[in-house]
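The structure is given below, and queries will be raised subsequently.
Should a chain be cited, it is by its letter among A, B and C, assigned in written order, with residues numbered from 1 in that chain.
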Amino acid sequence: MTAFGIRAGLACVAALATAVLGGCRDEEGKGADRVLVVGTEGLYPPWNYTRPDGQLAGFEPDYVRILCARLHRRCRMVAMDWDGMVGALQTGKIDLIADSVQVTPERSQVLGFTRPYAMTTGVFVTLRDHRLAGMADKGAMMDFDRPGPALTAMTGRLKGSLAGKVIGVEISGAFDNFLNQTLGSGASIRYYHTMGERDLDLLNGRIDATLEDEAYMRPLLATRDGAALTMAGPRVIGGAMGGGEALAFRPGDTALRSAFDGAIAATIADGTVRRLGLKWFRMDASPAQAAAERKGAR
Amino acid sequence: MGGAAMNADVTFLADTALAIVRAVPVTLGLFVASAIGASLLGGGLVAALTAGLAPVRGIARGWIFLFRGTPLLLQIFMVYYGLAALGPVRQGPFWPAFRDPLFCAGLAMTCCCSAYIAEVLRGALAAIPAGQIEAALACGMGRVTRLRLIVLPQMLRLALPAYGNELVMMVKSTSLASTITVLDVTGVAQQVIAHSYRTLDVFCLAAGVYLGLTGALTALLRWAERRLDPTVSDGAGEGASR
Amino acid sequence: MSEQDLPAFALLGFGTDGWGRVLVLGAVLTLALSLASMTIGSVLGALLAWARGSRRGWLARLATAYGVIMRGVPELLVVLLLYFGAPGLMAAVAGLFGLPAPGSPPAFLTGSLAIGLVSAAYQAEVFRGGLLAVPKGQVEAALAAGMGPWLRFRRIVLPQVLHHVLPPLGNVWQFNLKDSALVAITGLAELMRVSLVAAGSTRRPFLFFAAAMVLYLALTSLSSAVFRRIEARGSQWAGRR
């Protein structure tokens, strides 16, 4: 009876929420005057994060502002958890996602992606005085979209260096999947729920190394605490880690998507993306740069 | 095809159940270690609360106020991340212990639960009739004899129901260790969910394990309570009174 | 990005780089979350206590089973189950009405519901104990004196139940307040979550966890003072009868 009561209560709440969310869709004007609502996580520095005073800041808040100005559209950014973001997009609560979303085949089935505006590698980071700091293939590009004898040999060396080590990663992220597929049971993987917790354990030496987005790690390494850390071994890209970061729309919203697609192409061509990358990541994170490096590694 | 899908389901559930059952020793070990630690420390706190020295009483009172007034989750994070950020801890001789998340979880649980157990024991101590102590004194019993024959046996019986509740709470609290990377029952369940995106069945498996543990402990405590109940003679008249 | 070089008072302060405002807001949200879950727990707990005493056997058994499960499963698991399970449940419900999936419900709702569901199991015990504490003879005497059901409840049952129920309810509230920290795992910016985010992004965990401890101690000791006052007034009322 009580269990039924809870169900019934939840049903009412759910029905109400659905009705409200559905009704909100056209509240803020119609057509091209309508304010576009952009969803982001606000917890992934320096891509997007929430400042102590509550303001959203980072690469994506800056970049969305530039894109919207180019398209003469009014945009408003809202922070929400990644778990609910795709649902919010589908119900029209938000119009697009700017949350460093990696383009993967599974996601492409439910989301309409623009061309990528950034492409970054994963890097291993360890303490400067740790044995792993001298890992093989330092700085070499390991491209999992280009299988071949070179990649197989590098994978073998990577497995050798990480055997018996404790690698910390954020749970259910792209690097978690990658490590599970590549290393198998060779190294032990320790899971963290936020990146901040993982960083603390990396700094105090509870874990041997981590695998993380280079764009996240570069600014960390430039801080006073981060001076104790160093990048080690190869940089990894492609495969399970996706094909770059792009904006995501409802699959049916083709007109809006192609408008943003054009604006992204223009901002990549005129160097805006490169400039923003240097500001927030201390590196050029544009897809062209990554493509050049991947070609060079061949 | 439906059969194949069902087979995959059964295999997944069996694998998950096996992984969760393998984590039971971690949960159980954490519980037993911190239950022993917290009981000893709780007893020490009660002794300190009844001590003659005011500073000793003050420290015991402060300890109980601090650990009962803040969430265990926060205490666990403080021990694991907070203390590890301090140089003396990281460079000190105990770092090998503090480096281990399981040790940190056990330490936080011991400190936290000792405060609750101390309150339980203090209540039981206050419930012993003063006349009995006076009678023991009049009989010429020494401090140790008094404690051994009069105070401790009664405290044990009076405290058992509330103490048992604390122990059941402790079994449940062990799940918080999963927040600092310990792969206990909850930690393993969360890991399986993060990689399979299946929520309900995995959580139900984990919940079943905890229900089994708390149920077994409750049954054990009931048995102990009956054994210690002076109005029930062993075996024969069980359940007659009360 | 140089906020880590700031001294402690600036990090805990109310300036643009200080986390003071966020921490205080987190404490307010913790209080709101605890109040919401306590309310949910009171309503559901009263229903459960009534069901336990019901003459319908299945209803009483259902209420007992609820209590055994909720008091035997870790609170963290209940929070996790609701957090991860709620979007699917809501999608299923929305599907029944032919509506699109509404995504995940607000974290405040799932969080207060999860803690409230646990709280209900403990509050049901408290209410049941309170109801059993009213001697049957008094109710019969009130009946004999010709008191109506409302007057009987107000004059005889309620004062005595309150007298018995307030101290253990204060206990449940304290547990509720501390259990609300578990909602941090859903990302809701209550005190525990805020201190964790601040500790991670400034890499000063000791400072921020200590600050959070002070705020929790303030919340628990202030609310226990409030409860003591209510108890004092409650027993006055019960004494007057």
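Things to note:
Assume a contact is a pair of C-beta atoms (placed from the backbone, for glycine too) under 8 Å apart; a residue touches a chain by one contact, two chains touch by 3 or more.
Given the structure is predicted, the values throughout are model-derived calculations rather than measurements.
Averaging Cα coordinates per chain and for the whole protein, the chain whose average falls nearest the overall one is C.
When the C-beta contacts at A-B and at A-C are tallied, the pair with the greater total is A-C.
Spacing of subunit B relative to subunit C, judged by their CA centroids, is 22 angstrom. Rounded to whole angstrom, the centroid-to-centroid distance between subunit A and subunit B, based on C-alpha atoms, equals 41 Å. As a whole-number value, the distance joining the C-alpha centres of subunit A and subunit C reads 36 Å. For subunit B, residues that reach two or more other chains under the stated contact definition are 81, 84-85, 179, 190.
Within subunit C, contacts with two or more other chains are made by residues 185, 196, 199, 203, 205. Under the contact definition stated at the top, the residues of subunit A that touch 2 or more other chains are 193, 197, 200. Interface of subunit A with subunit C (complex): residues 1-3, 5-6, 10-11, 13-15, 17-19, 21-22, 43, 45, 49, 51-54, 81, 83-88, 90-91, 93, 193-197, 199-200, 203, 219, 222-225. Contacts from subunit C toward subunit B in the complex involve residues 68-69, 71-77, 80-81, 84-85, 88, 174, 178-182, 184-185, 192, 195-196, 199, 203-206, 209-210, 212-213, 216-217, 220-221.
Residues 171-172, 176, 180, 190-193, 197, 200-201, 204-206 of subunit A touch subunit B in their complex. Listed in rising order, the residues of subunit C touching subunit A in the complex are 1-2, 4-5, 16-19, 21-22, 44, 47-48, 51, 59, 62-63, 66, 86-87, 89-91, 93-94, 96-97, 99-105, 107, 109, 117, 185-187, 196-201, 203, 205.
Residues 65-66, 68-74, 77-78, 81-86, 168, 172-176, 178-179, 186, 189-190, 193, 199-200, 203, 206-207, 210-211, 214-215, 218 of subunit B touch subunit C in their complex.
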